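One structure, as C-alpha cells, below. Some questions next.
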C-alpha cells in the first residue's frame, strides 16, 4: 500500500475523530457531572446544522457569514438546552435512570420530527467559508483546508476545555460538583445553576459541531440518531465522564473506522462496535475511566 | 440572651425510619455548644436538619429570627451557617488550595478568612497546598474540611464528629485549633461522642439519647461531676 | 465456631481493619463494640463475604471461608442483618421471607411451580416467632421501622443459620423497641441454639446479653474478653469515655 | 378468592382475538397479528425491566437474531417452520447467553450501554453481511410455513394463508405468554423480584445474583427471538431496520406505557402503541412526534403506566366503597 494512501486514510480518520470529539465531549461532560446519558445530544447536533443552514440563507455566504451562522446556531441550541433543563430535566434528577433515559429519548423523537416539519426531508448543504474552500498538497495527497481546520480545532478545544475545567474557578466548581454534589451545595454553591450551565454548555458544543459539519456532510433527517450512537461509543471507549478519555476515544474510533475499511472491507462499522464491546469486556469503565 | 440559632421541636426521618423525636436547642452568639451522645442517637441528623440537607417532618429552625426550615443547603450556607460533615468529604481530586478556593467561591461571603488566615491556623495545610486532598491523612483531611468551611466566613460553625477516627495526638492539635476559633468569637455547635473532647471545648451541653434530649446544662456540671457523667454516658 | 485471624482491610490507604483476630465459640453471644469508624461494619462485611480482605483468614467450623462470595457464605449457615434496614421494600412480608426459604431449600431455579403455596406454614411460624404474626400481606416498605428490623431478622433466620451476624440490631429504635428486640434476640438464640455476633452502640444492650466483648478502636482490637474485664479495662475507658483528656486539661 | 370464581379474562381475550379473521377485515387481522407479536416482545423485555430491574437498551438484538435465524433457515435453506421456529428461539438464547455473560457484570447505566452496544453489533452485521443477511436489501419474501393442516379444522377451510398464519401466531404467542406468566409466578420469578428490589440483600439471603440475572437474560432473549421469528414471516421479510437501536427504545416505551409492574401491562402498551401508530400514520407522517409526546405525558403524569394507573384508581375506589 502506498504511503500516500495510508496518509490519506490517517487524515480522514483524524477528521472524523475530531468531529466526534467535539460532539462527544459535551455528552461526556453531562454524564460526568450529572450522571445522565443524554440521547438528545445528537438532536442538538442536528439542530445546530439546520440552524446554521437557516442563518446562511439570511446572510451573505461569505466567510464572515459562515462564522456568524455557526455561532448563532450554537448559541441558539445552548439556549434550548437551558429551557429544557429548567422546564423538564430538573424534576427528573431524583428519579430512576430509566426515566431520565426515556425523557432524553422523547426529546430525540420530538426534535427530530420538529426539524422535519420545519426544514423538510431534502438534503441541505452549506458550502465551506471561502477562506477554507481550497486544499493543500501534503505527502503527495490533496488535503482539503477545511479538514485541516477541523483537525486543528479539535485539539484546540480539547486544550481550552481542559484549561477551563482545571485552571478556572468555574471549572473547579464543576469538578467539585462531579465529586460531591451535596457537599458543594452545603458549602453555599447553587448546584442547580451549575447543572443548568453544564447542560447548556454541552448543548452549545453539540450545536457548534453540528454547524461546523455542514460544509462536509449534508444535512438530513436521521443524522441525529446516527451520530449519537457513534458519540456513545467514543465516550464508552474512553471512559464515561473522563475528558481525555473522550479525546483519545475519538482518535481511536476515527482510526479504527478509517483503517478497518482496509482490513475488513464493508465491515468498518462492525469493527468499531466490536472494539467497544472488547474494551467494555476487559475494562468495563473504559480506557481512562475509573472502576465502578 | 437572644439566640443566634433556635431549633424548635424538630422531628426528622430518613424515609420511614424516624430518627429525631422533638429536638429543641438554642445557641447564642459566641457560644460553644456540644451535642453529646453515642453514635446513632441523632446528632448527625440534627445537624443535617439545621443545614437543610434533610427536611424535618415538623418543627422549625430559626436563624437570627428568620425561619429557615426547609431552605436549600446553599441558602442556609450563604446565610452564614458553615457545615463540617462527619465523614470529611473533601473533594479528593482537587488540591488543598483548590478545595479552599471552592469553599470561598461557593459561599460568596468575603470576610477575614482568606487562604493566608486559614494557613495561619493550620500551618500544615500550607505545606500541602498543592497536594491532592485524597492523598492527605485523616487528620489533615479533617483540618482541610474545617478550613474549607471557614473560607466561607460563617457566623456559626456546625462541626460533626471532628475527632472521629483520629489519632490522639491529632485530636489534641485539633482541640487547640477549635479552641482558637472559639476564642476568636466564632459560634460553634459541636456534635461528639468523645466526652473528653467535647467537655474541653463546650460551654453548654445537650445529651441526646435515641433521638430525644436526655439532659441539658452547663458543661462544667458534667466536667465536675463524674457520677452524673457516668450516669448519662457511661459504659 | 468462628475464628478470625489477623484480618486486615484498607480503603485507599486508610486501614479500616488492621490485624483483627477474634474467636466466637458455639452458642456464644459475642459483641463487637467501638466508636464510630472503628471498623465494626467493615469487619462484618469481611466475614460475610461482602468485602475481600487484604490479608488474614476467616474460618467457620475450621473451614476457610475467606473471600468466598456472600451468597455461598450465607448457605454455609451464616445469617446477617444490617445497620440500615435492608429488606425487600416492594415485596410483601410473606414474599420477603418466602424468598429466603426458597433459596435456602434450593428451589430458586424452579421455573415451573407456582410460588404462592410454597412454605406458607414455615413463613407463618417464623412470623409468629419474630413477633410479626398475621402481617403476611403488608408491603414490607410500609412497616414501621422496628417491624422492619424484625423482618430483617426473620430474613436472616429463614436460612436456618448456625451463626447470626447482627449489625447494630437496635440502631434507631426507641427505648421500648430496644427492650423488645433484646428479649426477642435472647429467646431466639436460645430456641434455635444460635451463635450470635453483634455490634452495638447501646452499652446497656451489650452488657445485658453479651457473654464476650471485643473492643475495636481505629481498626485494631484493644480489648477482648468477659464483659466485666472489658468494663474495667483502662484503655477502653480512655478511648470510650476520654477521661484522659478531661484530666489532662 | 378461588380461581374458579374469577373471570378468565385472558382466555376471553384470546378467544376474541381468534375470531378476528372471521369478523374483521384483512387489515384488522394484520393489525391484530402485529399487536400479539409486539405483546410477546414487550413481555419478554419486561422479564428484565419490570421483574429483574435490568434496563436493557438492546433487547431488539435478540428479536433480530430470532428473525434472521428463522428467515435464513426458511428462505435460504428451506428448513420447515417446525424446526426453524424453535431454532430462532435457541439462537437468540445462545446469543443472549454470550452477550449477557458480559452485560450482567455491569450495573445500571453501564449495563444499559453495553446492551445497546451488543445490539448495534447485531445491526452492523445485519446491515453489512450481504451474503447471509442480504445487507441493506434485507431478506424479502420469506415463505409462509405450510399451513394446510389448518384446513382440517372446522370453519377454517376457506381462510387466506395470512389468516391461517395469524391463528398460528396467536396460538404460539398464547403458549409463550402462558410459559412466561408461569415463570414470573414461579420460585425463580420470586428470586428475580428480590434482585430487582434489593440486589445486595438478595445476595445475603443466598441468591447468586449474577447467575439469576443471566438466566433471566437468556429466557427473555429466547422469547424475544420467538417474537422476531414470527414477525419476520408475518411482515414477509427481515430487514436491518428491525435491529436498529431505536426499536429497543420503542419496546421499552410499550412496557412502560402499559405498566411494567404488571404482567399484562406490556401487552396493553403494545396494543395502544400499535393501534395509535396505525391511526396516526393515516393522518400524519409525524408519528415519532406523537410517540415522544406520549412518552412525556407518561413520564410526568402517569409513571405507573396505564395498568398501573387503572390499578391505583381501582384500589382507591374499592377502598372508598368499603369505608
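In order of appearance the chains are A, B, C and D, and numbering begins at 1 in each one.
Assume a residue touches a chain if its C-beta (ideal position, glycine included) is under 8 Å from a C-beta of that chain, and two chains touch if they have at least 3 such contacts.
Note that the coordinates shown come from a computational prediction; the quantities given were computed from them, not determined experimentally.
Participant: Among the chains, which has its CA centre at the largest distance from subunit B's?
Facilitator: D
Participant: For the pairs A-D and B-C, output the one whose chains share more C-beta pairs in contact.
Facilitator: A-D
Participant: When the C-alpha atoms of subunit B and subunit C are each averaged to a single point, how far apart are the two points in Å?
Facilitator: Measuring from centre to centre gives 31 Å for this pair.
Participant: Where the CA atoms of subunit B average out and where those of subunit D average out, how many Å apart are those spots?
Facilitator: 55
Participant: When the centre of a chain is set as the mean of its C-alpha atoms, what distance in Å lies between subunit C and subunit D?
Facilitator: Roughly 43 Å, centre to centre.
Participant: Scan subunit B for residues touching two or more other chains and write them down.
Facilitator: Residues of subunit B touching two or more partner chains: there are none.
Participant: Which subunit D residues reach two or more other chains?
Facilitator: none
Participant: Building nodes from the protein chains and edges from chain pairs that touch, which of line, ring, star, complete or other describes the result?
Facilitator: ring
Participant: Which of the chains touch, listed as pairs?
Facilitator: Chain-chain contacts present: A-B, A-D, B-C, C-D.
Participant: What residues of subunit D sit close enough to touch subunit A in their complex?
Facilitator: Interface residues on subunit D, with respect to subunit A: 49, 55, 57, 102, 105-110, 112-114, 116-118, 120-121, 124-125, 127-130, 244-246, 249, 252-253, 256, 285-286, 288-289, 291-293, 295-296, 299-300, 303.
Participant: Along subunit A, where are the residues that touch subunit B in the complex?
Facilitator: 169, 172-173, 175-176, 179-180, 182-191
Participant: Residues of subunit B touching subunit C in their complex?
Facilitator: Contact set of subunit B toward subunit C: 16-19, 21, 38-40, 86, 134-135, 138, 161, 164-165, 167, 171-172, 175, 193-197, 199-200, 210-211, 223, 229, 233-235.
Participant: Can you tell me which positions in subunit C touch subunit B when the two form their complex?
Facilitator: Touching subunit B from subunit C are residues 12-14, 35-38, 85, 141-145, 148, 168, 171-175, 178, 201-203, 207, 218, 231, 236-237, 240-246, 249.
Participant: Flag every residue of subunit B that touches subunit A in the complex, lowest number first.
Facilitator: The contact residues of subunit B facing subunit A are 51-53, 72-74, 76-78, 83, 85, 89, 91-94, 98, 101-103, 105-109, 148-149, 152.
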